[in-house]
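Look at the two complexes coming up: chain A is in both, with chain B in one and chain C in the other.
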Partner chain A sequence: MAYTPQYYPGSTSVGINRRKHMSGNLEKLRDIPEADVTAIMGHRAPGADYSSTHPPLKEMGEPDCPVRQLVTPTAGAAAGDRVRYSQWTDSMYFAPAIPYWRSYWGAINCKGCDPGTLSGRQIIEARERDIEAYTKAQYDSEMTDVALCSMRGCTVHGHSLRLEENGMQFDMLARTEFGADGNVYATKDQVGIPLDKKINLGKPMTEAEAKKRTTIFRADGIPMCGKVGARKYDEAVEALHHMWELRSKWGFRPE
Partner chain B sequence: MAVKHTKKLFIKALNKKFGKDFDLAGQKVEYKRLGPEQNARKREFMEYAKKLEGKRGMTGYNPYVHAGGIPMGQRQLVPYKLSSTEYVVEGDDLHFVNNPAMQQFWDDIRRTIVVGLDMAHEVLQKRLGKEVTPETINNYLEILNHAMPGAAVVQEHMVETHPGLVDDCNVRVFTGDDALADEIDDQYKIDINKLFPAEQAEALKAAIGKTSWQAIHIPTVVVRSCDGGTTSRWSAMQLCMTFIDAYNMCAGEAAVADLAYAAKHAAVLQMSEMLPARRARGPNNPGGLSFGFMADMVQTSRIKPDDPVYVSLNVVAAGSMMYDQIWLGSYMSGGVGFTQYATAAYTNDVLDDFSYYGVDYATDKFGGWAKAPALLETAKELATEVNAYGMEQYEEFPTLLEDHFGGSQRAAVLAAASGITSAIATGNSQVGLAGWYLSMLLHKEGWGRLGFFGYDLQDQCGPTNVFSYQSDEGAPLELRGANYPNYAMNVGHQGEYAGITSAAHAGRVDAFAVNPLIKVTFANPHLVFDWGNIRDCFGKGGAREFRAAGERSLVMPAV
Partner chain C sequence: MVTESDTESIQVEIIPNRYLMPATAQKLLNAIYENGGLIRIMIQGPNLPRNVPYGPGRGAPIEENRDLLIEVAGDAFELCVKVGRIRLELESEKYFNGLKAACERALPFPVHLKRGKFFHTKQTLSDYAKFGEAEDKRILGLIDPKAKRNRLALLSEEKVTVNDEER
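Presenting the complex of A and B:
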């Protein structure tokens, strides 16, 4: 019998969405051209050769190693690409993704990547052609709303700030803008360098859709603990209590 | 018993920050992008930098080199209200470089050394046959308060320090022996009976017993030129010279070595431990300062013992500034970011609101402070409730979330409120620590984010060390400190741990947390920093109302 990972507890939409993110079984909402994703990432000009840090593995004469025989290298590793990154900032106002779940998605579904999780940003590093593919997957999927999520290599603050009046996440460097046609456009790359042309990222989610797809627990959405005076713990809290208690007791170890 | 506190204490501060009639609950706003000119302190910096341009002959402060020409101030640059005070200052005023009160706080610690008198008296009496009486002690203290600032005794043709540069230096004695204390001249005495509430005074005197101690504060200017490791050496030399003078000893006789050994080693209490070589600091430097000592240095417990939250939060303020801004932020890391983390814990009445909410909840449930059973179950209930309440406030008031715009800030405040509540409710710091870690895990679970790089070592692994008694990680929280293995780098933790330590004892209305000598030493009313009112004194520093010691203007040309 094939094993089906459980991933995460809970029957609320937040629990269901968290499981979806971890499983990688995500809905594709848009198709941003590869060249545009590459331009926004800002590591190489679209169409330019990949920089490499070593020759292709096939030319290197690898040592006789059982692990190397077991693990097929990613396309980027096989080619000797340098390691580059994409970093996302997700608004706490019902962005579909939250940092840990971008990391879990990466760690579970993407080979040869190194996710890093902070409060206001989430980074994945990988060989360049691999991270380009992983970034496009994030951009195109329901993990991302183009108004509430954006790629920011630096000066990332925005996740906890109030939204702009037009519903866009605040960005000090204004890397994206809300167009008169209702579409969101990328105007600068990850680190704030202006792009040669505006890139149409499509229409943002409505507030209702963002709330439906979000993975964040909030009192004004799906609460994790009910409300003051009317507490009701989500199954995730009960599981967490259990883990916390066991971790605490394990450290005691009175044997 | 606990006073019921009005909830949402932070609203007043938010109104001061964002404007009186501002919609604090709105999730959308027009960002005006007014730049640094919107802020008085940034304007002052820019104007001053312009004046310096010609003088320096090179470029300096210029906020327009920031982020490719987009300066700070794309959102509103808001001021900070020091919690539970009326002081509202700019964020810049809370960087320790701009705040002389914060500098004095640290100077007051590192220039302090506690030295026992009894060992020296035994040398004088038993080895030399000298008589020691209250009169000789008073005479000794008069000479010592001449010598300790850097003046000569015994030797001729000596250089000395200018009294105007070292006027903050003083030595006072204290003892648990009321009969001896009565004989000591008031000017040379820390009067436990006058300074502490009666029950605390009795507890302190019982702990100190018949022993007598010198609370020595060497000149600020000395430790600013040298460091905390200097303090025991500077004081020991002056103590020995004073004994020679006061008791008519031979300057070269072997008994002086006994006095020196007592003053430098055998009878000395440093404020903090020496650090291992990889951190390379001597004693009396901040990395070795235990949370228990920090809790005892802060004097709010004797000034407002009926409000354990207030007591604990003054310790949080002290510890956040000391451990985050000075120790981790400057000794260990560098840069200016750590101030932003630390201020969240002592400004805008946010931690106050969450903590009073928790302690009121616990009091209703368990009938008072230190009444709840010291169990994991207690931490589970209280930390879950307090953490949930706090997260809801951030969700209900987007301006509050924006004020604590970093996850590390929110993590510190939510976990501190959870830990302080659990500690006050049980009177047990370890249960408080358990509440801290549960809050961290709940916070991460709810919002899918936590602090710097997920706080994945310190907090997600943290529950395992709460009740550990393994040799390198098993100390009670009172005895842990900035150099405890898992605590050595993460900002936004150590001050709060000191606050949780204090909370356990404030809940029990204890006279001290771990060391009665530290508690009494910092009760000295002639310290420069105000050790009873930490947040107020930081506010004074920020408002440019505080006068620090160690200034050199007396011996320099006027500006």
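Presenting the complex of A and C:
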């Protein structure tokens, strides 16, 4: 029987969503063209050449190394691309992803990437053509709600702030705007430089939809302990207590 | 039993559930002003820079944050922040219910009103460095001590002071 990894405990909707994010079995909600994702990332103009840090691996003449023979390089590594980044800010008001789960998703599902988790933002670094593919996957999947999540290379402020009147996450640099037609448009790249054209990112999730897809435990949404008033805590808390206990006991070593 | 005097001024903090767009902020501030009994008022929220402050796009203009003019009680001033919190002092208790009604009337979403003490009464060293000896004590607590630029709009029956000069 094939082994199926077990990613996260719990039977709450948040626990289920967390498992989905980690396993990579995500629903695709939208399809943003590759050129538009590249434009929003802002590292290179769509259609331009990739800048490189070394010649393609085939031309370099690699040393005889069993690990190199075993591991197939990613497309970006094989071509010698520069390492680039994409950074996300997710609102704590029921955004589908949170920094830790973007990192888990990256570390488990994306080859050759370096995820970095911070309190209110999450960055992934990888070779340029790889990071473009990973960013598109994040944009298109249910990890992202275009109103509550946005790509922000700098001035990332917004995760823990109240939402704007139209339900958008606050952005000091106004990189996205809520159109009159109900769609969200990207008007600037991730560092705040205006784009040549507005990019339609599609409609945002409704509040109920965001609460359904979120990976955030909240007292006013799904609490970590599970159903309020239930006789038994959700498995997520039990597993957490178990880990905490083992860690504490392992650390405590009386001679 | 000590009963609170209803002739003393009270301080109120208004926290809307969402950040206000300039038009809504104008509507709310006008409603508060029309309610009367206002001694002083301060609006607060995250800064709205005119240019990208840092990063590769540093210096690029942010048109969305420019010319956010609002008109309150006949006086126009430019918003420098996204309005997220309003602190004010009322002449007496009797204006409080009217204020509550004004907030509910002006905003389409819930709002929290807190009673407490929000403006300091003794002049601090930072206050002294900002504007010297304060002749009008109402100014205390209205200026962000960390701000490089003073952003003050004092609205009262007597005068309107808008001080936006570099110090």
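Odds and ends about this structure:
In this text, the second predicted complex is superposed on the first by the 245 of 255 C-alpha atoms of A that agree within 3 Å, B and C clash if a C-alpha of one lies under 4 Å from a C-alpha of the other, contacts with A are read in each partner's own complex, and residues count from 1 in each chain.
To be clear about the criterion, contacts are C-beta pairs under 8 Å (C-beta built on N, C-alpha and C of every residue); 3 or more make two chains touch, one makes a residue touch a chain.
Note that the structure is a prediction, hence the values are computed from the model and not measured.
Annotation for the three-chain superposition on chain A: chain B and chain C clash.
Once the two complexes are laid over each other on the shared chain, residue contacts for A:170 go to chain B and to chain C alike. Contacts of A:52 after superposition: neither chain B nor chain C is touched. Once chain A of one complex is fitted onto chain A of the other, the partner contacts of A:99 are limited to chain B, with no touch recorded for chain C. Of the two partner chains, chain C is the only one that A:153 touches; chain B does not reach it.
Legend: residue contacts after superposition of the two complexes on their common chain; A:250 is shown touching chain B, with no touch to chain C.
With both structures placed on the common chain, the touch criterion links A:237 to chain B but leaves chain C unconnected. More residues of chain A are in touch with B than with the other of chain B and chain C.
By the touch criterion stated above, A:227 is placed in contact with chain B alone, chain C being left untouched. When both complexes are aligned on chain A, the segment of chain B among 22-30, 274-282 or 382-390 whose C-alpha atoms clash with chain C is 22-30. Note: residues 154-155, 157, 161-165, 170, 172-173, 192-193 of chain A belong to the chain B contact set and to the chain C contact set alike, using the contact criterion stated above.
Interface residues of chain A, counted against chain C in their complex, comprise 42, 153-155, 157, 161-166, 170, 172-174, 177, 188-189, 191-194.
The touching residues of chain C, when paired with chain A in their complex, are 16-21, 24, 46-49, 52-57, 60, 62, 64-65, 82, 84, 109. For chain A in complex with chain B, the residues that touch the partner chain are 92-93, 98-101, 116-120, 154-155, 157, 159-165, 167, 170, 172-173, 192-193, 215-220, 224-228, 231, 233, 236-237, 240-241, 243-245, 247-253.
Per the touch definition, chain B reaches chain A in the complex via residues 26-31, 67-68, 70, 74-75, 376, 380, 384-385, 388-389, 391-392, 395-396, 398-399, 401-402, 404-408, 410-411, 434, 437-438, 441-442, 444-454, 456, 461, 463-469.
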